[in-house]
Amino acid sequence: MGISEKLLFYLKEDIAGGDITCDAVIPKTEIKAHIIAKQDGIIAGLAEAEALFLHFGVEAEQKKRDSDRVRTGDILVELSGDAAAILLIERTALNIIGRMSGIATKTNRLSTIVKSKNPAANVAGTRKTSPGFREFDKKAIVLGGGDPHRYSLSDGFLIKDNHLALCPLKEAVKKAASYTAYKKIEVEAESVSDALAAAESGADIIMLDNMPPEKIAAAIEALEKSDLRKNIIIEVSGMITEENILSYVLPGVDRISIGALTHSVKNFDVSLDVKPALKTVRINI
Amino acid sequence: MGISEKLLFYLKEDIAGGDITCDAVIPKTEIKAHIIAKQDGIIAGLAEAEALFLHFGVEAEQKKRDSDRVRTGDILVELSGDAAAILLIERTALNIIGRMSGIATKTNRLSTIVKSKNPAANVAGTRKTSPGFREFDKKAIVLGGGDPHRYSLSDGFLIKDNHLALCPLKEAVKKAASYTAYKKIEVEAESVSDALAAAESGADIIMLDNMPPEKIAAAIEALEKSDLRKNIIIEVSGMITEENILSYVLPGVDRISIGALTHSVKNFDVSLDVKPALKTVRINI
Amino acid sequence: MGISEKLLFYLKEDIAGGDITCDAVIPKTEIKAHIIAKQDGIIAGLAEAEALFLHFGVEAEQKKRDSDRVRTGDILVELSGDAAAILLIERTALNIIGRMSGIATKTNRLSTIVKSKNPAANVAGTRKTSPGFREFDKKAIVLGGGDPHRYSLSDGFLIKDNHLALCPLKEAVKKAASYTAYKKIEVEAESVSDALAAAESGADIIMLDNMPPEKIAAAIEALEKSDLRKNIIIEVSGMITEENILSYVLPGVDRISIGALTHSVKNFDVSLDVKPALKTVRINI
Amino acid sequence: MGISEKLLFYLKEDIAGGDITCDAVIPKTEIKAHIIAKQDGIIAGLAEAEALFLHFGVEAEQKKRDSDRVRTGDILVELSGDAAAILLIERTALNIIGRMSGIATKTNRLSTIVKSKNPAANVAGTRKTSPGFREFDKKAIVLGGGDPHRYSLSDGFLIKDNHLALCPLKEAVKKAASYTAYKKIEVEAESVSDALAAAESGADIIMLDNMPPEKIAAAIEALEKSDLRKNIIIEVSGMITEENILSYVLPGVDRISIGALTHSVKNFDVSLDVKPALKTVRINI
Amino acid sequence: MGISEKLLFYLKEDIAGGDITCDAVIPKTEIKAHIIAKQDGIIAGLAEAEALFLHFGVEAEQKKRDSDRVRTGDILVELSGDAAAILLIERTALNIIGRMSGIATKTNRLSTIVKSKNPAANVAGTRKTSPGFREFDKKAIVLGGGDPHRYSLSDGFLIKDNHLALCPLKEAVKKAASYTAYKKIEVEAESVSDALAAAESGADIIMLDNMPPEKIAAAIEALEKSDLRKNIIIEVSGMITEENILSYVLPGVDRISIGALTHSVKNFDVSLDVKPALKTVRINI
Amino acid sequence: MGISEKLLFYLKEDIAGGDITCDAVIPKTEIKAHIIAKQDGIIAGLAEAEALFLHFGVEAEQKKRDSDRVRTGDILVELSGDAAAILLIERTALNIIGRMSGIATKTNRLSTIVKSKNPAANVAGTRKTSPGFREFDKKAIVLGGGDPHRYSLSDGFLIKDNHLALCPLKEAVKKAASYTAYKKIEVEAESVSDALAAAESGADIIMLDNMPPEKIAAAIEALEKSDLRKNIIIEVSGMITEENILSYVLPGVDRISIGALTHSVKNFDVSLDVKPALKTVRINI
């Protein structure tokens, strides 16, 4: 499914057999309405909301742009068009903006913390996204200033503990390298020796998973001593929260990936307010 | 899309161009694996996970059932089948279980609080679900002991402020009643007089929206005095949190709907652990 | 499938591997053509025909509107556009207009009879529609002045004899009521006592099925005596024909549903006449 | 769409958001049920009904076969399976059997009349079928003993008045012949001279359209005199009813096509009767 | 799938998860580009390429038309539009033009040879096309001046050796004739007596398959003697190459069908050249 | 589309409105049939053919396996099942085997030549595949012993002349590197200095395009002198034919990519032979 097919699929969930309230109650009339921020944060999902409204002939003028920092009360989008069309789309559009802005705002807050200590380090997402909404969860991370990480299993190799239970590390990296020349190889390491072995095998990226900060520091030190550090990207993952993240921003850490960016989202509060009708037109469908 | 098409759509997001790590690294072999709870709570999504595994020929024996209360370390599902198939589905299955169990657990916790004070009152969801996942968000509420509320705009009438800005209350209820004889009419009221007007117009359900507890109590009292209370369902909504919910469990309140049940989910922690391979079979596709 | 997808699906049935006659025989030329009524009645399906022609770039000016009463010889639509496009769509458009107008005309005739005796009573359809064409069969009933009744099994509860063979009446109504607060409950009754039991159980609508007029009168009388009549809609169904319908228009009957409105349709006669070509343009595809 | 996709599409029309009555009311139980003829006639649609029931795991034993002559009270199909599945499919299955048997019965009655006078002549259908149901309308004609005629515009050439308004007869036949060597060419003629011209042009089939019987006889005589008769199929069409059909069964007429076979169907009466439940099983989905 | 759905399906094969090179590297800019012939021949596929470019908002002016004879260096299409859109489509468009022009060029070369000896004889294709591309393989044959032959198994009857192994010739032709009046019957013959038997059975087309030229001549002579020749189309097939085709152009041969036209295609060489950017526009998606 | 959807799509092209010859002529009977090689070579497409036959209930026992070397007369697959099903699939299956085996055979022949001089060098494909069939064209290359190269634009970066016309080399490589950490970067070079610049910019793979062998040797030498050679894959492309390929197998060349592997395929000759029927079963659909 392309982007517009996905957006229409989300809308269809909400419409199902039709918006009976609008069909029964709302006169054929042109109205104006606003989408308004009800909290501060980084906004996202406006492009998707606009696409939905345009699809149904509603004009949507963005007063803010995705990734903008907005404040409570800011008008995000000015809508103008058929009343029933606007109300039909309302909930779906707000759900999209609410979730995406929630992700962007949290990503941005964590990224700001991380970069205050190491400007070169990035906050990254994971594949722990809401089923059916990955493309937009990932986009929200990017809008919040984060690294989206792998969009899918085909983006790059990531050899994890479950793979290593079935295939020894060296063999796994070798097989991956000979599988395609085009994609990089990431290996999950849970100990200093794992990390060294991964580097020796030819891994392009090493994920230090579920390690406490001091062990991470030790692994990085060992890699640098061994002269295998160069050209390797170091990722840290597991047990990282908003509270403890600063302690993971160690020298040599390239990125910090956090599942909660997308698996435990706090909705961003937005609403849609209808302005009184301008004129009533003849019903004629 | 039917249920299985949705589940495959979620899987496809994750697979995209193929699971290159498994394709390159994992030998053709039969394995066993467990899905394990990493926290306490109400479990949900096991039926969906099982359907995905079965679709790819993996046997999935449920050791717990959806809506069961589980504890850290409990084995939820025992899997047995082709290693690559199990790992292909792992992330999608865990994302589904994680989100649905998060919703079920929170719903159950709030419902227990509410019913401790009024066993007849219910916690209910809203249409503020994750785009593309509504069917399962709603199911998770039911599994957690909540009322799913409207699945879509076609389930029943809900006349809200934005509708009332375009059509007077009495006319709106009358139009809805004449639109179809089969569906009930809910009206959003933001004041005691609104509530009375809605009841007089013939509303079947009244949603007292964004009112403080004392105003809610006043509205219910007014309704009962006016002899319009009978046959009307009273719903309370807006500004309700885990902390303040008890104060909304007033006499006469039939249900309390809470957007955060699905719009601000905390993921339930689960993992999939592969057991060592049993036997290696001939590669033969 | 949305409306336009359904219309294209109908067209595709007729086109299959292509309109070989037009492809081989018809020059690339702009023509005018008329769709003409060949009998008197209530017209329906013009909006659907117009949508099909517009989809292929043919201008379609409606000279009559759906639900208009038309007479033999009336021009219904003036077409103007590519000759092959017009002829490609001809049969599908005429089939749609012919069936829908046949339904609208019959509905209107029966409705006029019914309302001559009781202006508040309605003629209603059933779910006995032509497979694949329900949406339009129902729309034709509405255009003819009838009540479409349930569009599908999800519109409202209808507890019939086959359900009651598996679940006692009281329990059935109670289960339905607790299933959702949004949808009304209709119960089929085949005797006076059934009707009373249904009313006592809390049914919102009672369908008096396959009862002779005198038994219907008795049931209504019993309901009114019992003080359960109020708020209940009374529907009459079964064995009703154009000849005997007047005898069913009894005091207290709210609607009369008739399967033959859609399961035994007499086609409304329409044709499409091509006007001589205006100009020949260069073939250039 | 293949056959099963179409059948499921018809079912989906009826299910839409789910069979709420069964979901709420019907216990998880295995039942037996019968589909029973409520009138005499030629039965059709049993294979389609069986396919739908089988798709949902319901056993369906056909006691009669499509094209069998059945009598009021005959058991057509014995069903055995999950109660909710049987009731879910009931209406769709009955609608299919009702329409197809109505067509088969009428076709058979007309065919019997025609063959009583000329056993070599056939009753044929047209493309005037119910939108979305053509494949089954055509099959019902065949089951009733008729000729289905063209399934679609790509089956063969049929050069009608609207084509001839845009391209002279000789040129039209020549263009068709050179378009493909595989498909025969039918030409519509409204006069004796048209018929002769069509034969001279090389038409394989001549449709004598809207001609009274004596003119048809004259056209056939002229064709036979002119020595162009051989190898040409003669079809008669237009203004033919059950009452006047015998007068069209003239010597030399190969087939008589009648739009009303499918555009004005009288439903065949069938019902589904549930037998009392056999056993109740644990609800466990 | 319609034509545009097929073209987008081809494009999707190439895009898969996105054109990452363009996404990363190419600035938002309007460019001009040319599609240029790198060899002489008959061009085909320009209409399809144009449709793809237009779909993405790229203007495509055809400087040559499908079926034109072109020379090395000729500009075929001038493109103007978004750089990333043009490069996204480049490979798919060139693949389509390359294959279709290869087929058209070969068909034209063989057709010229055949018609030099017998202007009434045609070169024809077979169903040996590239899977998924038949519609365009066939169109390329037509553009090259050939006869496309059957597009599919439903176009006409072709009774081959494998059918005759299961049903005797006479019976087979009779069954086909009674199956539908609209489609002609072709029979494959591998000997003179087969050919006579086919003609006697009523075949409309006889395919003399895998016969050497002298045997073909004998078969045609026998048919003409037997007075069954008239109205029969004679097709020759099997073992025919560019080198020996002239020897098959015998008197009485109507068409010569050659699988290699589409199963062994030599690509026609074309390229797309980007002109330097005209202006850079603001990135604003 | 998944693999089976694609295979059914190919079949549908051939079936279209149905296999009328089989429907009319072939009795309901179980038969055996063989797919037989009519030339020597590397076989491919048997798995796909088997999948199609199995889908229609035909048993298909592979006597040879994909990538096996086969000889004229070898039985490839033994089929056993319904006669009409086997004949329905015949042409599609043979088209798939014929094209895939043609590609595998050519790839194998070229690969053998290349490896005779440098066993570490590989023959590789390109994206110049038949539209709609890429997945299988690529698989055939692998079965023939070649490197499939990029399956699509999303597999890796390939910065070509048309990209470099719009973005300078250094900037392009830098942008690609920062776009994702997971995919390698290939750069097309048409001169020695281009190759050096690409290596300095950080390219992972350098494609020496349209260079004569001596210039290729010079470029490799320059790279090795400059100490940038290590970790870079060198690919050679353009103007390479079966005749001149040996001269491109130079020291340091890692792979040689050839468009003609898939854009100019010579079909591999296979046929399907029906064995006489075993038994005739009752027709009963």
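Order of writing sets the chain letters: A, B, C, D, E and F. Residues in each chain are counted from 1.
Simple rule for what comes next: a contact is a pair of C-beta atoms (placed from the backbone, for glycine too) under 8 Å apart; a residue touches a chain by one contact, two chains touch by 3 or more.
Please read these numbers as outputs of a predicted model, since none were measured by experiment.
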Those chains which touch subunit B and also touch subunit A: C, D, E, F
Most distant chain from subunit E, judged by the mean position of its C-alpha atoms: B
Of D-F and D-E, pair with higher C-beta contact tally: D-E
Computed distance of Cα centres, subunit F from subunit A, in Å: 36
Distance from the mean Cα position of subunit D to that of subunit C, given in whole angstrom: 22
Approximate Å spacing (C-alpha centroids) for the pair subunit B, subunit E: 54
Geometric centre distance via CA averages, subunit F-subunit B, whole Å: 47
Multi-partner residues of subunit E (at least 2 other chains): 16-17, 151-152, 154-156, 180, 183
Overall pattern in which the protein chains touch one another (line/ring/star/complete/other): complete
Subunit C contact footprint on subunit F (complex, rising order): 16-17
In the complex, subunit D residues that touch subunit C: 1, 6, 9-10, 13-27, 29, 31, 33, 83, 87-88, 90-92, 94-96, 98-99, 102, 127-136, 151-159, 161-163, 165-167, 171-172, 175-176, 178-180, 183, 259-260, 263-267, 272-277
Subunit A contact footprint on subunit C (complex, rising order): 47, 151-152, 154-155
Complex contact set, residues of subunit F against subunit D: 17, 285
Subunit B partner contacts - residues on subunit C that touch it in the complex: 150, 155-156, 180-184, 186, 204-205, 233
